[in-house]
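In what comes next, chain A is part of two complexes: it sits with chain B in the first one and with chain C in the second one.
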Partner chain A sequence: MSVELKNVTKLSGAETHIYETNLRLEEGEFNILLGTTLSGKTTLLRLMAGLEKPSMGEVWFNGEDVTGVPVQKRNLSMVYQQFINYPNMSVYENIASPLRVARTPAAEIKQRVDKVAELLKLGPMLKRMPNELSGGQQQRTAMARALVKDAGLVLLDEPLANLDYKLREELREELPKLFKESGATVVYATTEPIEALLLGGHTTTLHEGNVTQHGATAEIYRKPHDLLSAQVFSDPPINTAKVTKKKEWFFLSDKVRWLADDRYANLEDGVYTVGFRPHHINLMAKHDQTVTVQGSVVITEISGSESVVHIDVDGDTWVSLSHGIHRLEAGDEAELYIQTDRCLYFDEALRLIGD
Partner chain B sequence: MKGFKWLTPTLYILFLMLPIYWLISMSFKTTNEILGHFSLWPQEFTLDNYVKIFTDPTWYNGYFNSITYVVINTLISVSVALPAAYAFSRYRFLGDKHLFFWLLTNRMAPAAVFALPFFQLYSAVGLFDTPWAVALAHCLFNIPLAVWILEGFMSGVPKELDETAFVDGYSFWRFFTKIFLPTIAAGIGVAMFFCFMFSWVELLLAKTLTSVAAKPIAATMTRTASTAGYELGLLAAAGTLTIIPGAIVIWFVRNNIAKGFALGRV
Partner chain C sequence: MIDKTTNQKAWFLVAPVVVLVAFNALIPLMTVVNYSVQETFGDNIFFWEGVKWFEQVLHSERFHDSLLRQLSFTSIILLIEVPLGVAVALSMPKKGPWVSVCLVLMALPLLIPWNVVGAMWNIFALPDIGLLGRMINGIGFDYNFTQQPTAAWFTVILMDVWHWTSLVTLLAYAGLCSIPDAYYQAARIDGASSWSVFRYIQLPKMKRVLTIAILLRFMDSFMIYTEPFVLTGGGPGNSTTFLSIDLVKIALGQFDLGPAAAMSLIYFLIILLLSWVFYTLMMRNEEQ
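And now, the complex of A and B:
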């Protein structure tokens, strides 16, 4: 079903959890809510579920106002970050429970539970109790319960966050497929930009209770509306600096400058904010369109085949991400190559220039 | 030193068990033997004491009366405490923390403080000398205790469990009875155990609020000493039988008792 938030605001005491939000999620889409902890992802999910009432505004499902409809009657399902199953019921009964509550005939329950269990590889576990399962299996059970119901809306609140790396990858791959078939609208909350990119679909970026952007995931990554969206959607965080445009040149400092591309030919001269994603600042020159800056290394994090180097450039700490292993010690001088054709420029109000 | 690790705990347990052994041993002796000479175990083994208790209604009615008010009290305490504990663990409301603490302060007053008002009140409304009198009086201590224990266990259950059930379509009552109560079954067991124990061993209120019809065993035990001279063997047998219900209940909740002593907050 389609979900629409109309001027929804959520206050808790004197605090604002969600500032006025308008959001429309289309039927059958895979939607990602991306934001750091406390950015309001969970609150938005709870507002959609009806577990919380908006302080102002309305929630619409399929063109109908459901703001006052209790959660039991909203035909949705939800999976939490913690593995939530009914501890007193077997895996089979756990998955069957929404159907039992809905008084589905026994034969149909059996058929549907078996089918979902098959999909989520829970077949051999059906007779066990939830506390006899591994974390991954427990979360699969919770997902099976969300899937079996044929709900129009499935809310997933960081469902993979508590799983180990391997399982997370596995489930992440399966997730979009699983829900695609059911035709449900999915809302998936996550803190990880990479997860959002891997899952695809549509993304809504959130920052401190504000929706900063909503659109196709790849589109938002490539062209964030504003610096906030870019910051939410970048891990390691995006680097920013001030640049001055003079005629056809961008000046990062007196010595460092590069030619503006055609897209910015008509941009007025002045001071702008430039954003570089860490993987566009490298320790080795990659191609022609690079400029070089000098800095001293603050810290190096090496993860397998990638090196994340934090470098102090004229008092600002920049983060660069390069392929290969670069063992740089703190205090070492290093040269950074910035791919200037990948830069994002923001105006005074920190909105993206050159859309 | 290494070979004697067992020594300290063994001595300690012997020390703890000694009075219980002495009680049980006395219960199989005749009063003459008890008063006559020192013996480590019964010289003239007798079951007369137990026979007397099981055949004489003034004795076995004492047990019956005690069990009656203890069971009534346990049921009332736990069923009243369940919704209260749920509210404390799931909702925030004005003064909830103060109210929660105030509940426990009820346990800090000595029972003697309440004996007089209860006695007068129950006499006035005709509850005096009924099992209900004692059962209700014990609620004063047991409901707060049960609320504290159950709140601890309930807070150990994530709120998301409730919400998942509501999302799945469960009504509140269906969730509460079908999912929530089974989930905190251990906590309910522990709360019942503590209510049972406190009500079972409490003597002052039980004695003050009854006279003949609802006289508890503890009262019978302590009064007999003065009526028919010294019947020490009989008293010992009654004491032994008094320990048994507690021991049985402990057996049932043995795995959760430590958590109960921590009021469910482990």
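And now, the complex of A and C:
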């Protein structure tokens, strides 16, 4: 089903949890809510589910106002960060529970549970109790409960956050396929930009209760509307600095400058904010469109095949990400290369220029 | 054969515990065992009697009667206090300023010394000057707990429920508070009824603490002495003479040390056995 939030606001006491939000999620899409902790992801999910009522505004499903419709009549299902299953029911009974509430005939229950269990590789576990399962299997059971209902809308609130790395990767790969087949509209809340990129679909970036941008995931990553969206969608965080445009040049400092490319030919002279992602500032020059900056190393984090170097350049601390292992000690002087063709420029209001 | 070095020094490490346990449990218990198999006429002169006292106690009608009273009392208060305690816990607020108010109110009865509880209820229930006694008589029931066995039982049970339901409530409440909110949300999304929420979420999650609550209430109520002793003194007649009251009557009233010691041991074994049965039954359910 399609989901629409119209001028939705959520207040709690004197605090605003969600500022006025307009959002439309199309039927059958995989949508990602991306934002840090406390950015309002869970509140948005709860508003869609009907677990909370908006202070102002309306929630529409399939072109119908459902703001006043209670949760159990909204035909949706939800999966949580914690593994929520009925503790004294077997896996089979757990998966069957929404169908039993809906008084589905026994034969149909059996058939649907078996099908979903197979899909989620729970076949051999059906007779076990939830506390006899691993975390991954418990979460699969919870997901099976969400899937078996044939709900039009599935809400997933950081479902992989409590799983270990390997399982997370595995489930992350399966998830879009699983839900694609079911035809349900999916809303998936996560704090991890990488997860959003891997899952694809559409992304909504959230910052402190504000929806900053909504659109196709790759599009948002490549062209964030404003600096906030770019910051939400960058891990390690995006680097920023002030640049001054004079004629055809951008000046980072007196010594460091580069030629503005055609897109910015008509940009007025003045001070702008430049943003460049960590993997666009490297320890090795990648191609010709780079400028060199000097700085002293603050800390180096080496993860297998990549090195993340935090570096102090004229008082600003930047994060750079380079392939290969670079053992730089704190205090070392280093030369870094910024790929200027990948830079994003923001105006005074921190909106993207050349959008 | 492998040569083992014997190092007896380890015994020194357990010695303090052995001494402690000996003084607080083994030596007093052995004194009782000592009395239970001998006859004494004072002056530290003992005669060996074997299992005579045990046979006497087990065949005495008086012991059967108090045991039956004790079992009825414990079953009645368990049947009342456990469901009532859970019900109160369910209706307590989960957050907000009222939580602490409720918790303090609940804990109050538990903080009152047992003999004070007995004295309080004695005065409270007196038919002529007590608030409760006057009230019951006022609405038309003939009520006098010092003369009617039924009224005495009613009062003792009411007192115990008042004194100890809080314990079950507090334990059950702790169990309820440990359930993440997401469980309730999930149930709401499923459209589960409040009975299903209780049956499939709250009850299973409270199981462990309820096991402890039932065990504690069983053991405590089976050993109850002070409160009924102060309230009714075991009367009228023998109607509220529970096992421990009877035991004290035999030991200190009649000074029959042999039978009293034998009865103590039987009493102890009954509690041990029943506790074990309770525990095993409840834990076996847990494993299934």
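Annotations for the structure displayed:
Quick note on the criterion: the second predicted complex is superposed on the first by the 355 of 355 C-alpha atoms of A that agree within 3 Å, B and C clash if a C-alpha of one lies under 4 Å from a C-alpha of the other, contacts with A are read in each partner's own complex, and residues count from 1 in each chain.
Here is the rule we use: a residue touches a chain if its C-beta (ideal position, glycine included) is under 8 Å from a C-beta of that chain, and two chains touch if they have at least 3 such contacts.
All values derive from a computational prediction rather than experimental measurement.
Overlaying the two complexes via chain A brings chain B and chain C into a clash. In the superposed model, A:His310 makes contact with neither chain B nor chain C. Of the two partner chains placed by superposition, A:His207 touches none, neither chain B nor chain C.
When the shared chain is aligned, no partner comes close enough to touch A:His225: not chain B, not chain C. When both complexes are overlaid on chain A, the residue A:Arg277 reaches neither chain B nor chain C.
Contacts of chain A with chain B, set against its contacts with chain C after fitting on chain A, overlap at residues 49, 51, 71-72, 76-78, 80, 82, 84, 86-89, 97-98, 101-102, 145. Remark: chain A residues 46, 49, 51, 71-73, 76-78, 80-82, 84, 86-89, 97-98, 101-102, 145 touch chain C in the complex. Residues of chain A that touch chain B in their complex: 49, 51, 70-72, 74, 76-78, 80, 82, 84, 86-89, 97-98, 101-102, 142, 145, 149. Chain B makes touch with chain A in their complex at residues 158, 160-161, 163-171, 174, 179, 182-183, 185.
Every residue of chain C that touches chain A in the complex is listed here, in rising order: 180, 182-183, 185-186, 188-192, 196, 200-201, 204-205.
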